[in-house]
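Structures incoming, each one as structure tokens.
The same chain A turns up in both complexes below, where it pairs with chain B and then with chain C.
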Partner chain A sequence: MTTQTLPQLERREPLWRRLPVLSHLRNSVGLQRGMLIAGLVLTAIFLLMALLAPLVAPYGFSQISDASGDFPTQDPPSAQHIWGTTVGGFDVFSRVVWGAQTAVLVIVVAVALSIFAGVALGLASGYIGGWLDRVLVVVADAVYAFPSLLVAIVMSIVISHGQSSLWGGILAAAISITVVFIPQYFRVVRAEAIRLKAEPFVESAKVLGASSWRIMARHIFRNATRSIPLIFTLNASEAILTLAGLGFLGFGIEPTSAAEWGFDLNKAISDVTAGIWWTGVFPGLAIVLTVLGLTLVGESMNDLADSRLRTRGRSRKQRTTTARTSDSVAPAAHAVPGVAAGAEASTGQEGGQA
Partner chain B sequence: MSEQLDVRPAVQAETVLDIDDLEVSFATDAGEVRAVRGVSLDVKAGEVVAVVGESGSGKTVTAKTILGLLPETATSSGAVVIKGQNVVSISAAKLRELRGRDVAMVFQEPSTALNPVFTVGWQIMEGIRAHRARGGGGQQGHRVGRKEARARAIEALRKVGIPDPEKRVDYYPHQFSGGQKQRVVIAAALALDPELIVADEPTTALDVTVQAEILELLRDLRDLYGTSIVLITHNMGVVADLADRVVVMYQGEVVEEAPVRKLFAEPREDYTRRLLAAVPHLGRDSASEGVAERLHQGGEVLVEAEGLEIVYPGRLGSPAFRAVEGVSFTVSAGEVFGLVGESGSGKTTIGRTIAGLNRATGGSLKVLGHEMVGFRERSFRPLRKEIGFVFQDPAASFNPQLTIGECVAEPLVVHLRLQPAQLRRRVAELLESVQLPASYASRYPHELSGGQRQRASLARALALEPRLLVADEPTSALDVSVQAKVLELFREIQAELGFAALFISHDLAVVDQLSHWVGVLYKGRLVEQGIGSRVMNDPQDAYTKRLIASLPVPDPVQQAERRKAHRALLGG
Partner chain C sequence: MTALTETPPEAAGVPAPAAKRKGGGLATYLIIRFLLIFPTILILVTLVFFLMRITGDPITAALGGRLPADQLAQRIHEAGYDRPILVQYFQYLGQIFTGNFGRTISDNRAVTEMLATFGSATLELAINAVVVALIIGIPLGMIAAHRRDKTPDAVLRIFAILSYATPVFFAGLLLKLVFSVWLGWLPVAGRASTSTEIALTSLAQPTGIYWLDALRSGNMSAFWDVESHAILPALALGLLTAGVFLRLVRTNLIGTLGRDYVEAGRSRGVSEFRLVTRHAYKPALIPIITVMGLQIALLLGGAVLTETTFEWKGLGFQLAQYLTARDFVAVQGIVVLLAVIVAVTNFIVDVVAALIDPRVRY
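== the complex of A and B ==
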């Protein structure tokens, strides 16, 4: 049938090209690519700041003096303290840098906890169904119904009794965020599990006599969790906002245990009227830019993952990707996956139906 | 031949559509794909031109270009001339004027082509009124008022044979049956009396008996109103029934173009010949040719249904739905039992119940001696390795995250304890038994074509050497040439391994090719069963008669005769 059976060069993309963010980056063009890169750059700065805090920050987060004596208080930006100092004599720049570390820790702990719990509950609830599903959905809805910050406040009181050490504070913040996020992961995974339950490949596993446990772990789990990286990035930005909100309301971490942007903002309120801008602007900017970066990454991934929203470059080059192979060609010929997709998507299913 | 000459319009008829050197390419993730490559064809007034081809041949893309319906990712060049205007380069406003008035489209799936929240009359009137204010067309700037639009909608519905159109114009789409919905879609296309209708697989989503009615309607449009039709289809029977001229497409190019009788009688191109040879033809190549008595009756009875009843519980407030009622049949070891029926006849439900995916609610169904009414998964599970199941859609029945090898190995892993090396060897054997290279084990499902996937699916179903195989429409998602190969393979493997099979399909010709014994289901009841060739040639039940008469055979001469017989059957 086909005379030109092109030898397929690379059949499977190397692993690094299939990683979530990188594959998205490769598929993007134009404005979408710009947004994704801007988001990635902001996020990278944030992560580097957290990782290299001990190197970047000139002083410790709770340092109020050095060899040359106490730091001045409410000092405007100068060569010594490039972003000035706070009313308590902390160096603003150092605290913003250290604050990134706290934020990363909280995100990692909070998202890790909520992903595990949310995915496990969602799988069980969606696949097994019945009364278990009903109970879990009601609980998730109840948690949803609370304002998330209120839940976070209650949890932080329950967990740390309002006191705070570094890990106590981080855990309190992380767990309170976890409680708010579990229903999100739960709902996404449950909806996917319910959809996948009716897919022929799950039914075929059932017909083979595979146990429910095996079906959930092998067939549903891997297919239901594809949108998780996306929720992860979006939730990470929300986690930062919740953490900052907690800190701002005074449920955060004491300045002597760790640096936290929300807490610093809170302390900067009284400075504003006195014309001291640097104590509020820099932590505020740090929050805004970090959230912006993570949101840009998340939103771009969302758009790129959806073939209807993804813009594609129109190549002027004539590529010879038109060789289609069908079953009747010699078995050595390979099916060309994505190539036919464009043409076939508009063709629709042509086979007859029952 | 003389009959055909009477029907066809004068030879010098004007050209309604002229496609010249059309090229369409799509921008995809894998780069540019040329879907249509240098296609030229023309359609004369009052002519039905069929464009046939397998999936990916570019026939639908060509059809969509005629109405300028290509998505944004497509770029096209060449000329598609309708009434002196080139659709490819025309402005959006001009194109809008052209659509509906000069050329209209009938879509494949009538239930999605109609908007469920508006009455059908509103939807037909929408097209009429959209053209009211634009002068210069057929109406010379004449405004079509609400009343007149309604009158014309009723007229259009009457034309397509909807009974009582004055009342039914105010009905919503869900109040019509599938065939009537397609009639409404055709009525909407006809509302402005276009000279050309593009019908994209107009009967593919419909049952055979309904398909016959719609084909009849389309033929009337040509004969009574002189409407030209571009018929896009993959079904050779439909082509033989309706078309005057046939254009065969393959990989975006026109392979052959000929009048219908000439094409079927003496195809010129190699591809056309192979395509025609692959089409299943009722009454040819029957598995039960010359068989006088039911085969395999000495063996063990694997499936025994006695007054089987399967009821789906109704949702709150609606009554329960009886999918299957009082069905009795047996499948013995080594026998291929073919179950045919139209959509909603309960054939798939029976297959799924035998595999334990649905619950039997009444009567008795014994599968391998296990009573399925009120069955418990735990007691049935050990028997599952004796049953293989092949699903309709090969793309969906494989876990996209696992390789073909892992998928085929799944039954072995679940039921047997094998060493990894043994497992690999067995998977390679299985793949080779369905004529796939063993190296395919490391591929992912999307890297295989439809036919290859269905072979792999068969390999998985046979992995544990089951005594019973349930195949639910295993070839209906495949192209004909692929279907022919898969059916051939199925036949060979069945003859070699001798398992019993329940073969479910809506396609009579396919069932006849494989099955020794055929059962015909209609609305949940088994109306007839018997030796395949006898049921096909000499049906006893009134429904079976109608079903078989409705099936268009891929041979225009024979089909013309069958059509007369079909008319007589419906008339008498």
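== the complex of A and C ==
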């Protein structure tokens, strides 16, 4: 009897139901569902634009002439250049499309690096503890408290002295952003690791003779990283803003090696004074819509993961049961009350834009 | 992350707080908290110093390629950049301690003087932006919390997300385009028109905060000129921060609005307006103040971008200029000053929180 029922108990739901985004979509209703879907659509457009840039863009990102001669400069939107051209003769539409590709590359590299480093440091710090933990916490708090854009600026000076080719620029931007984000992953994973360290299953693993390495890599890692997808989407949007901020300050990637929205906006500032709006508005809108899409996805997932914030279908929640909400009321689980009081390490969503 | 107000000691990473000891805790807490400022600043200064030096000395960075090699070497030697890095580090720490940040390389002025000149402009911008953010963010947050899950809430939440998603320089660009270029209502850039600027800087003992100087000299036309220049930058930076305040007020108010005492007030016939603005708002203030303090970092980062957009000659604008000139001595000075500001603000916020809420103690 038991031998027959056991396999049934262990069977999981099919994979497609457990995928983060899809399962969230099934659980959502009403406004929340609308926000999630809107976010997913915007994000999908962004990704498609990045992926299909060579097909979508009519010209190259640094192309200033074609068979019929040089492109006009600062030309208003027309049939040939639907979003106009810049002062350097670049086609604005093409640069916006290629800019998506640059943004995706930077986000992927930056978030992958920071998850890797942040999770590793957080696990080690939380599980091993001791002086290593103290030092890492103090450094992470100091970096976390500092304006993230300035951290990124300092890092990009260190890495490339501010000059950049395509991959050099992408790597510099990505690593600069990584340094900003490591503390966020670090804090979440560390707090979880500390909590899990006291769990019976870790103790049993110890009793069975598992090495610290195995406990960290298997038992704690699997359980401590559940909230990572949430931080991931929120960080992806922050990464775009940081990249644009760097580019705006002239730390971007050279216009001839890749298209970058922040850099284009910097060039557009002087155009605006002369009433030339198309060089700035389109890259700016691209940033806003991309960040909006990613934020909507992240927010919705965050709210859905927190039963207190989830909007339910028909049954209205009673006023008395809504009591506390998670944002900002919770001090970071490990925060020394002084050093980082009240920081919501879990999502960093208020921490916002550089 | 759970919403526990009391942090479990084993998760706190510090020795168990002396929660049970009554009295005397506040002074100890304030002293410890004050002393904690120094390691924070020290760590940041150390990180910045070594990071900036990994890749070489500031003189090569600023002038390399423009000077012959022997002159370059001579200037490096004069400035002492050829000595062991640790010697330089400790000398730098000593200098900072006495308020000497060295001289900028690109325009050869004392960094301390540069910081004082441009710091007041940034301070003015930051104050304006916070005022805008408070005026917009707090009432809207109250409305959103009160009309939770209804249309106003949905609209305001989207506004909050949009204000987060819009980079401050793009908001600035749009404001400029609409109000300065298309409508022609407000000036495009700068802190004041040239004549006003001359009048204000020639005052005896200027504070550097233009509207204050204008008021003190009783020059009302200068005052209006300064204010009209200040509106757009303050709006751009303030809107960004307003979204954060809105969300903060909303989530915390929703928390307190559900409490029994609010219900009790309602049953006694207290008006909804009074319930939201008084009864529920005050207890919601503590977390709001704490997180507002953390926003200073966001504000300073945003100020760098806003100043560049509007040619507002403050620290951020200068920072961008010095970055382009690769003048890393000046950059280091600005970064260190900002680190000190962030650390001190966080300290003040913690003190305020501790004074309001007796539970916040070591």
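Everything that follows uses one rule, which is that the second predicted complex is superposed on the first by the 300 of 354 C-alpha atoms of A that agree within 3 Å, B and C clash if a C-alpha of one lies under 4 Å from a C-alpha of the other, contacts with A are read in each partner's own complex, and residues count from 1 in each chain.
In the analysis below, contacts are C-beta pairs under 8 Å (C-beta built on N, C-alpha and C of every residue); 3 or more make two chains touch, one makes a residue touch a chain.
Computed from a predicted model, the values in this text were never measured in an experiment.
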{"item": "Touching partner for A:I287 - first (chain B), second (chain C), both, neither", "value": "second"}
{"item": "Contacts of A:L208 with chain B and chain C, given as first, second, both or neither", "value": "first"}
{"item": "Per-residue contact with chain A, leading partner among chain C and chain B", "value": "C"}
{"item": "First (chain B), second (chain C), both or neither touched by A:N223", "value": "first"}
{"item": "Contacts of A:P200 with chain B and chain C, given as first, second, both or neither", "value": "first"}
{"item": "Set of chain A residues, in rising order, touched by both chain B and chain C", "value": "319, 321-322, 324-328, 331-332, 334-339, 341-344, 346, 350-354"}
{"item": "Interface residues, chain A side, partner chain B - complex", "value": "1-2, 11-12, 27, 199-201, 203-211, 214, 218-219, 222-223, 312-315, 317-319, 321-322, 324-328, 331-332, 334-344, 346-354"}
{"item": "Residues of chain A defined as touching chain C within the complex", "value": "31, 133-134, 137-139, 141-143, 145-150, 153-155, 157-158, 161-162, 188, 191, 194-195, 198, 227, 237, 241, 244-245, 248-251, 262, 265-266, 268-269, 272-275, 277, 280-281, 284, 287-289, 291-292, 295-296, 299, 308, 311, 319-339, 341-346, 350-354"}
{"item": "In the complex, chain B residues that touch chain A", "value": "26-35, 37, 54-56, 58-61, 64, 70-71, 73, 75, 108, 201, 204-205, 234-235, 250-252, 271, 274, 343, 347-348, 355-357, 381-382, 384-385, 387, 389, 391-393, 396-402, 407, 410-411, 414-415, 435-437, 443-444, 446-452, 460, 472-473, 476-479, 481-482, 485-486, 504, 506-507"}
{"item": "Contacting residues of chain C [partner chain A, same complex]", "value": "1-5, 7-8, 10-14, 17, 29, 32-33, 36, 39-40, 43-44, 47-48, 51-52, 54-55, 61, 149, 154, 161-162, 164-170, 173-174, 176-177, 180-182, 188-189, 240, 244, 247-248, 251-252, 254-255, 257-260, 263, 287-288, 290-291, 293-295, 297-298, 300-302, 304-305, 308-309, 319-320, 323-324, 326, 328, 331, 335, 338-339, 342-343, 346-347, 349-350, 353, 360-362"}
